[in-house]
Amino acid sequence: MNLTVLKQKQPADAAYGTGIAHAKPKRIPATKGHVEIDDVSIQFGTGAARNAAVMNAGLDVRPGEFVCLLGPSGCGKSTLLNSVAGFVKPTRGEIRVDGAVVRKPGPERGMVFQQHSLFPWKTVQENVAFGPLMAGANRAEAESVARTFLGIVGLLRYADHFPATLSGGMQQRVGIARALANYPSVLLMDEPFGALDAQTRAMMQENLLELWSEFGTTVLFVTHDIDEAIFLGDRVVVMSASPGRVIEDIPIGLPRPRRPEVVTDDRFVKVKRRCLELIRQETLCAFSR
Amino acid sequence: MNLTVLKQKQPADAAYGTGIAHAKPKRIPATKGHVEIDDVSIQFGTGAARNAAVMNAGLDVRPGEFVCLLGPSGCGKSTLLNSVAGFVKPTRGEIRVDGAVVRKPGPERGMVFQQHSLFPWKTVQENVAFGPLMAGANRAEAESVARTFLGIVGLLRYADHFPATLSGGMQQRVGIARALANYPSVLLMDEPFGALDAQTRAMMQENLLELWSEFGTTVLFVTHDIDEAIFLGDRVVVMSASPGRVIEDIPIGLPRPRRPEVVTDDRFVKVKRRCLELIRQETLCAFSR
Amino acid sequence: MLSVLAAVILWQTASEQGWSFILNFENVPTPLVVGNEFVAQLATSDFYTHVLVSLRRIAISYVLAAFLGILCGILMGRFRIMEDILSVYIEILRPIPAVAWIPLAILMLPTEESSIIFITFLGAFFPIVINTVAGVEQTPPLLLRAARSLGASNTAILRHVILPGALPSIVTGLSIGMGVSWFSLLAGEIISGQYGIGYFTWTAYTLVEYPRIIIGMLVIGALGTFSTMLVRKGAGPLLRWQSKEGHRA
Amino acid sequence: MLSVLAAVILWQTASEQGWSFILNFENVPTPLVVGNEFVAQLATSDFYTHVLVSLRRIAISYVLAAFLGILCGILMGRFRIMEDILSVYIEILRPIPAVAWIPLAILMLPTEESSIIFITFLGAFFPIVINTVAGVEQTPPLLLRAARSLGASNTAILRHVILPGALPSIVTGLSIGMGVSWFSLLAGEIISGQYGIGYFTWTAYTLVEYPRIIIGMLVIGALGTFSTMLVRKGAGPLLRWQSKEGHRA
Amino acid sequence: ASVRIGIGHQSMCTDTYSAGVIVKELKLIEKYLPKDGKYKRVKYSLDWKDYTSGPPITNMMLANKLDFGVMGDYPLIVNGAKFQETRKMRSLYIAGTGYNMRGSGNALVVPVGSDAYSFEDLKNREVSVPEGSAAWGMTLKAMHDIGLSSDVIKLKNQSPPVGAANIANQKIAAHADFCPWPEIMEFQGTGRKIYDGSETGVPYLHGVVVRKDYADKYPEVVVAFMKAIIEAGNWVQEDPVGAAESLEKWTGVPKEVQYLYFGKGGTLTLDPTIKKPWIDALTLQHGVLAREKAIPPLNMDEWIDDRFIRQAYAESGLDYEAQARQMVDPKSANKALPPAEIWHPGKGIESYASVADMLKATADYEAAGQAINASYVYDELTGLKLFGKVAFYVKTADGVFKTFMRKPDAVAYADRSGGSLLGIKEAVGSMKGAGLNAASAEGQ
């Protein structure tokens, strides 16, 4: 299933937006969105309570690339992503986005969380309009941008709903629209589909690829689902058990656009086998410590 | 990874139990655990609010068989399982376990829920001892049975912990031990691993197969994860979108014991492709209504 | 409703017969007598003055308490140092009942009206402050991160994230505070020599006018319930996002 | 601690200088005077009698309120019909402040001591009942199913699932109830008596003994805080399962 | 400019009425307030606050929320002493309101059915009293005089309404209170006096205090208040029955009770002058307070200030000295009055030449099925006015009725005179039986 299918299912949307001239979303120039993770180590606490979460991680993400970070639970994936987002300061090393060292959170690095990150007291539209408003847009402009992106994720008819009334999958689509409404050069996604059931998750994956191909944003996507990583990524970066290091960087040669059936493709299964091996090893490793 | 591996990781367990003679768990006779779902329909509400959850579902599970119920979200899997458990009364049709019509919940049909079903105010051991106590065992007997089963799931060292201090995977293992401690002839499992991360889930699956091969209990296992259903089941029963009917019954010929690598086996991938097709169709179907 | 009727009938019989088994109904007026007296009171203008004076006192104290309580609560919830300084005072003063404040309030405040308002204020203030702090402190860190990564400034975060997130807790504080302020008002009005529904009840008491005492009790109860309901209902539209069905009109 | 010191020093200066800007400190005794009086009081046996009598009243009323409150709460939480019957009364009587009950309590109860205990009882009863009902009603249905499918009978479910599940809420009710019962006790002790810390404070008021008034206020506050803490601490071991670290010793 | 006149009074204390409810309701202050000179452009704001006892008024005065206070002897002393204890603030005792020279006004009451007839009968029982009130002072003094320690009689604090309710419900052995509470209990038939304040031998009096800073600043306003008090007293004397009826309306205290105080021969005399014996009484009472409750010292000379009341007398053309010297002693003053009265709902107050006549009239009304409001007689020993229904009657050998307030006195008299002791019922009953004969016998 893809965006088109979603839109077909909601014929009301087109009519809904009538009369408001939605700005056609700009495409991010492919030269923007270069992420450099330069020998980063991250420790929590000090002294005896010291806990190394990430160790000497290095990664270079080209503009417009879709990179999946795969690793066992607790290996430091979220920590590394949060340091790119600007929430966590690396203890050593440096992170640069388009050449500028990351020091604090910013709208050019959009963040999508696993769940429960929408403002429950704002309507779907207000949630999406929040970024543009903060960026200095006036109410009308922000609303227009919000409606554009809600249209793109197929949720325009839910514009006036509060998040609690939406299903988990719909909430995550709002979260993605909210991040995109700031036209970020990098989209940071931390297990965004981890809380969804298998079918909804599959739909969301296709949906995301569709959006990505449309916007060309760089995506850094954290998951521990092997199928998901291979299905989505240009590259799958496998991290070691805690403290996380990058242990393997697997380019995925599968053609795009990717269809759900690809998971039963031989090339897919081959990469999956390799990932299984790596992860299994790391999981055992983690347990034995 | 299997039970043996888990036990190796916790060498303290053996010593922990010293001095208490744990009863060796009995094996359920393979003639027990025959589940017949006989043309069952289940409706919620009445009049205008009437909502058919399950329609004309039929299924015969042989004693000792491992059957997976696969279907899109909301198709009525849980409802059907709950009617076997005795929580929900079929509107039409009848459910029999070993010939007796099911009318209310009972310890011979052990239930494992998705999460948060342990008694948080009881220790791990008290949780597992609860069933035997209710069955009339005295405290010492119940404790002994509980320790036996905690040993089996490799959690003896956590006997005195409260559930909140355990990880999600450990909690689910306690839930399984609690259900098994009643020596049920049928084990009903409703997405027991749905809330776990991919690696923990894989471990739990192997763990469960190990237990099952040891006890020979009939298992009815609900999931919407295709890999999981194929990996675990003797048969995968695919249900239609709501109201749920049985649309396909796929025997899984894969040899046992199953190793994680089996998911990249050709036969596995073939069945997966078939399931994907069915589920995809049903999911689209569900969305278009 | 039926159970109320049953209770009234029981009360009528008990008073008429003058039951006296543990509870002594000998001198308790019958509901009929109380009802008649109530109708008689409703015909006097004094009765309305009493109610209005009390409502006025509640209004002033409550608005003050709500304003200062929410302000302090936010400061304490946001700034560790404010919490360190203020929470000590609050924890020392909070357990002192309103009645115990009467002498000091008389002594320290310029007018009697201000003493009563002070006592009433205290009743409402503490629950509001405590619930505001709790609300502010429980803001989900994930939402703070989300807001920050969407480019929100500190003031924007206060306005868009912390305040709305704390609102359910603040509303709880406001409605508890409303209830407590009526308790305190009553204590305060005992010292008042003139008006207020508390004074009405107290005077009835000094004149041993049992029917009026019961009327006073019920009126206070009703006013308390009603105003608490008003607070809850008033906050309803702001909290519609909590309901599973709500979407903005 | 530092902020307490600062407040005491401020108070001392304000009283000594007789500040009178909005708050009037002219007649407020200095902390030194209050402190001296407190030491003097500690040397009298009467002071301890006052405290002990109050503690005794609290103990009796509270145990009664806890027992009846939890009982009613469970009945109301489990049986729709009990809730229908009882909740009406509770909702009507609850908003009536303790002070307003005084006249009726005197009239209806056999001894004066029982009137005071009744008023104190009411203060504690309502929060306990309401929180028990809330606790019982919020039992997760999943746990009820789990228990039933493990073969538990209705009484076993009450004992093993509903009661322990409601316990955190019951404890909240118990500790709120403890606080309120001190408020109510004070109101009750004003009406009459020769002992009790409320009486001590009120007598100080009629004799215009300001230092004793302040001592009374602070002692009441301290006793209230202390006994509430006791309830919480006492319930601690039963609620250890709520903490992330706890495991049974 | 605006001048506040904040007055704390007690509508449930009859002895304060001449400076309280009467002045308030008749708007007498307004009548005398200065309106020229420095008061030309002044706006007065009169602030009447009603309390159930004196102490809260003192608190409000200390907090500068009230300027004047009307209260009884012991509260007055606490007021003066507590003001003198502060650094700068002082209060002045500037006028009396009402008094009873013998000390009647306070009384100790037991439930009607009680077996106690004297203070001694209350040994090892609980007695309640509003702490800090005039009645409390009386109780302490009485116990001290009789030699009863606080170990023998347990005192507990109860406000007047609580005490009255507890007497009605027989929950307390005895309750001591100030007027009108004892008489209300008697009138309602719930209580019976067993000890009257007159037995302490110390006058019962109420008075007016004012903040000194206020009096210094507005002496003319204080004088205006004094004139209002004088007029209030006159208003009562001119028409005691009418006054009793008005007062019932204003305070809720039954007119029959009011008449007991303010009627001819009533127990209270309204007189705003400050008499020498008052100073002695207050000094003595301060001693009691200092002994029992460690009340700070009170400099009487600094506190008592009769300038304002003297000036009011002078400006009204009255002789203050003469009034101040005059003392009404019920014992002698009431000798000349008719010995018994009946308040009949239709016919009003009827006087009788003898107690027997009154009893006969009562019997007649009873026979005719007419209820009377109240009857009044005088105590043989003290001359204090009593409700007929609570008096003890001694019928002497020659058929003459003597009335007594206390049972022991009646018993002693009966023993001495060979008469028989009767209650009101028997007394009235005896008139019914021998109706005409008795009447004609007395007529001869």
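When the chains are written out, they are named A, B, C, D and E in that same order, and each has its own residue count from 1.
Keep this in mind: contacts are C-beta pairs under 8 Å (C-beta built on N, C-alpha and C of every residue); 3 or more make two chains touch, one makes a residue touch a chain.
Please read these numbers as outputs of a predicted model, since none were measured by experiment.
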Set of chains adjacent to subunit C and to subunit D: E
Chain whose Cα centroid lies at the greatest distance from that of subunit C: B
Chain pair, most C-beta pairs within the contact cut-off: C-D
Centroid distance [mean C-alpha coordinates] between subunit C and subunit B, Å: 52
Separation of subunit B from subunit D, taking each centre as the mean of its C-alpha atoms, in whole Å: 48
Subunit A and subunit E, separation of their C-alpha mean positions in angstrom: 89
Multi-partner residues of subunit A (each touching 2 or more other chains): none
Residues of subunit C touching at least two other chains: 24, 27, 103, 107-110, 205
Residue numbers of subunit E (touch at least two other chains): 56, 59, 62-64, 159, 161, 165, 169
Complete list of chain pairs which touch one another: A-B, A-C, B-D, C-D, C-E, D-E
Residues of subunit D touching subunit B in the complex: 140, 142-143, 145-153, 156, 160-161, 164-165, 167, 240-249
Subunit C-touching residues of subunit A, taken from the complex the two chains share: 85-87, 104-107, 109-111, 113, 116-123, 130-131, 134-135, 160-165, 178-179, 182
Touching residues on subunit C, where the partner in the complex is subunit D: 1, 3-4, 7, 22-25, 27-28, 84-86, 88-89, 91-104, 107-110, 179, 182-183, 186-187, 190, 198, 201, 204-205, 210, 213-214, 216-218, 220-222, 224-225, 228
List of subunit C residues in touch with subunit E within their complex: 24, 26-27, 103, 106-112, 115, 191-194, 203, 205-209
Subunit C partner contacts - residues on subunit E that touch it in the complex: 8, 12, 48-52, 56, 59-60, 62-65, 159-161, 164-165, 168-169, 252
